[in-house]
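The data blocks that follow each hold one structure.
Each of the next two complexes has subunit A plus one other chain: subunit B in the first, subunit C in the second.
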Partner chain A sequence: MTTEATTEATTEVPAAPREYRWRMPANWWTRNRHYFLYTVREFTALPLALWLLWLLVEIRRAGDGPARYAPHSSTAFVVFSVVVLAFALYHSYTFLTLAGTILHFKVLDRPVPARLIVLSQFAAWAAASVVVAFVLIWFAHE
Partner chain B sequence: MPDKTITVRATRFDPERDREPRMQSYEVPFTDESMVVLDALNHVKSHIDGSLSYRWSCRMGICGSCGMMVNGTPKLTCNAFLRDYWPRPVVVQPLNNFPIIRDLVIDMDDFMHKLKSIKPWIIRKQELPLGAGEHRQSNEQIDDFRQFSECINCMLCYAACPVYGLNNEFLGPAATALARRYNLDSRDQGLKERLPVLGEAEGIWECSFVGECSVVCPKGVDPAKAIQQTKLDTTMRFVLPYGNRE
Partner chain C sequence: MSEAVKPQRLALMHLFWWFMFAQGGVIAALLIPVHVLVQGILGPLGIVPVVDRHYDTWVSVLGNPLVKLYLLVLIAFPFFHFAHRLRYLLVDFGVPAAKSVPAQVVFYGGAVVVTLVTVYILLTTVPI
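After this line comes the complex of A and B, so read on.
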């Protein structure tokens, strides 16, 4: 025991080998198609937020009277809205598609297939869109 | 020298001499359509440059040792066929997101620490005596976790995960998949011991669902699914009444 302790004390501890620290390159999201699509998906939140801010400004103008609320007459707002709509559709598509991976439940002790979950999500989305469109058109005619 | 050859460009890094990794090219005979990248590396090691360092063991996609970046994609080199790359060169690099020890060998300590932290074994509140018999499971109970038990700890998912690349405190895909494998096992009673690790800031909530971990997994484990479903389950435990009771 004593001999072992003495040996340990006099043995030089070898220095830890030097490692090369890997660093993520700034352009990592351009190196793979999936990374790029993921980055676009995450980025879509930003134009959506900007569009909502712009809409809030337009709604505030409506406080000065109906004539002041005219976002549809602004070409910039219309163009920006179309671009944001594309982002929103892409975000919705990815969100609903991924639902098949996230949601998991059983019916009659059998797991519901992911494809069926995704289909039901898109069906619910389509139904909700029809209801919202109907309400908007209905009030526009009133 | 046979007519048909393939160029293998491999990362070289000698920690005692090099400041950073460099690439070195080798011409390897491509004699057989069934040759894989690992065969090419073994040819280099045996016939051209014995100093090339890399990990490998089983050569049949089971041990998970030979994971490397092949033309920028994390792959088991024993399962990456040269015919899919020839006549272009094959670029072999160490797995992304990990420190490099030498050449193609990465430091896997961080992963091993994370793997241990989720206690990837069956935890019982009280062990039954052997005489009480085996823990019986139905096929449906096995199906609940079977997919996640296929993980071979090859770490390709960590190399594919940009979240781990940007923040290596993240628990990561394989560790979460294995935690879910045991949490779903009807014999296991260790959920409450794993939840603190899974639920901390650098656990499942760090994942933003890139999904590339599942794309590169050579065993079809789908770690992204394990992470998202664990997020949902832990949320339901928090939201639902009596959710935290067992």
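After this line comes the complex of A and C, so read on.
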């Protein structure tokens, strides 16, 4: 800094500090496809949380006794589940695809290709789904 | 020089919350869609018989300790993932208060509460 500039700075009457507040416009996430998909991805948490809370209620209702127990069958519940399933599939797709970016392995000194890692994640998803569906349906016959 | 050696402190809490976030995300991704499809859609529509459609089968499954453990993992872990995502979604939507310590207590504390409620419900409904 030059001497001139320093003296100028010290003699100048200090201006009141100005506040520069920059705020994102509220609709920033609708302006770009990627922002929108990012927001949807983060939002998936809410419907999934609601459905798990429903499952908790369904578990709790087993304590009501045989006479009062009736499973949820309303159209509204099925519609709710269809909406949740869409969000659930989007969460699964985005989260499992992410593994290809995050996980880095080496086998025999060679890096495992990201595509193979993602493929293994989707295979695990398929396997888990088959096992869970089998248990939920098989134990319905007793 | 002022390159003082900083004491190395392991960010254990950081590690813990990130572990829960990641595990919750994996568990939600692998397990939730099939539950929603079978218990939320196929079962209520009567397309397949599902274990929670009848009192007897639902109770006999819920009495199994392995099922209880599974349901605890299925329900509790994802909530730590959801808590983090929803808190940062609020930050992204221009709510800086969501970064504060009270907000963290509310969101992660909420996940802990859900975990405790789940444990309670699993232990008191059809006790082992």
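The rule is short, and it goes like this: the second predicted complex is superposed on the first by the 113 of 142 C-alpha atoms of A that agree within 3 Å, B and C clash if a C-alpha of one lies under 4 Å from a C-alpha of the other, contacts with A are read in each partner's own complex, and residues count from 1 in each chain.
Basically, contacts are C-beta pairs under 8 Å (C-beta built on N, C-alpha and C of every residue); 3 or more make two chains touch, one makes a residue touch a chain.
Predicted, not measured: the structure shown is a model, and the values here were computed from it.
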Just to be sure I read the superposition right, which of the two partners does A:136 touch: subunit B = first, subunit C = second, or both, or neither? second
First, second, both or neither for A:71, with subunit B first and subunit C second: second
Where does A:101 make contact in the superposed view: on subunit B (first), on subunit C (second), on both, or on neither? first
When both partners are placed on the shared chain, which of subunit B and subunit C touches more of subunit A: C
Touch test for A:80: subunit B only (first), subunit C only (second), both, or neither? second
Can A:31 be said to touch subunit B (first), subunit C (second), both, or neither? first
Return first, second, both or neither, reflecting whether A:42 touches subunit B, subunit C, both chains, or no partner chain. both
Which superposed partner A:115 touches (first subunit B, second subunit C, both, neither): neither
Check whether A:60 is in contact with subunit B, with subunit C, with both or with neither, and answer first, second, both or neither. second
Contacts on subunit A seen with subunit B and repeated with subunit C across the two complexes: 24, 29, 42
Would you pull the subunit A residues touching subunit C in the complex into a rising list? 23-24, 26, 29, 39, 42-46, 48-49, 51-56, 58-60, 62-63, 65-66, 69, 71-74, 77-78, 80-82, 84-85, 88-89, 91-92, 95-96, 124-125, 128-129, 132-133, 135-137, 139-142
Residues of subunit A defined as touching subunit B within the complex: 17-22, 24, 28-29, 31-32, 34-35, 38, 42, 98, 101-104, 109, 111
Could you pull out which subunit C residues touch subunit A in their complex? 25-26, 28-41, 43-45, 48-62, 71, 74-75, 78-79, 81-82, 85-86, 88-89, 92-94, 114, 117-118, 121-122, 124-126
Parts of subunit B lying in touch with subunit A, wherever the complex brings them together: 13, 15-16, 18, 20-21, 72, 94, 96-102, 107, 140, 143, 162, 165-166, 208-212, 215, 222, 224-225, 228-229, 231-232
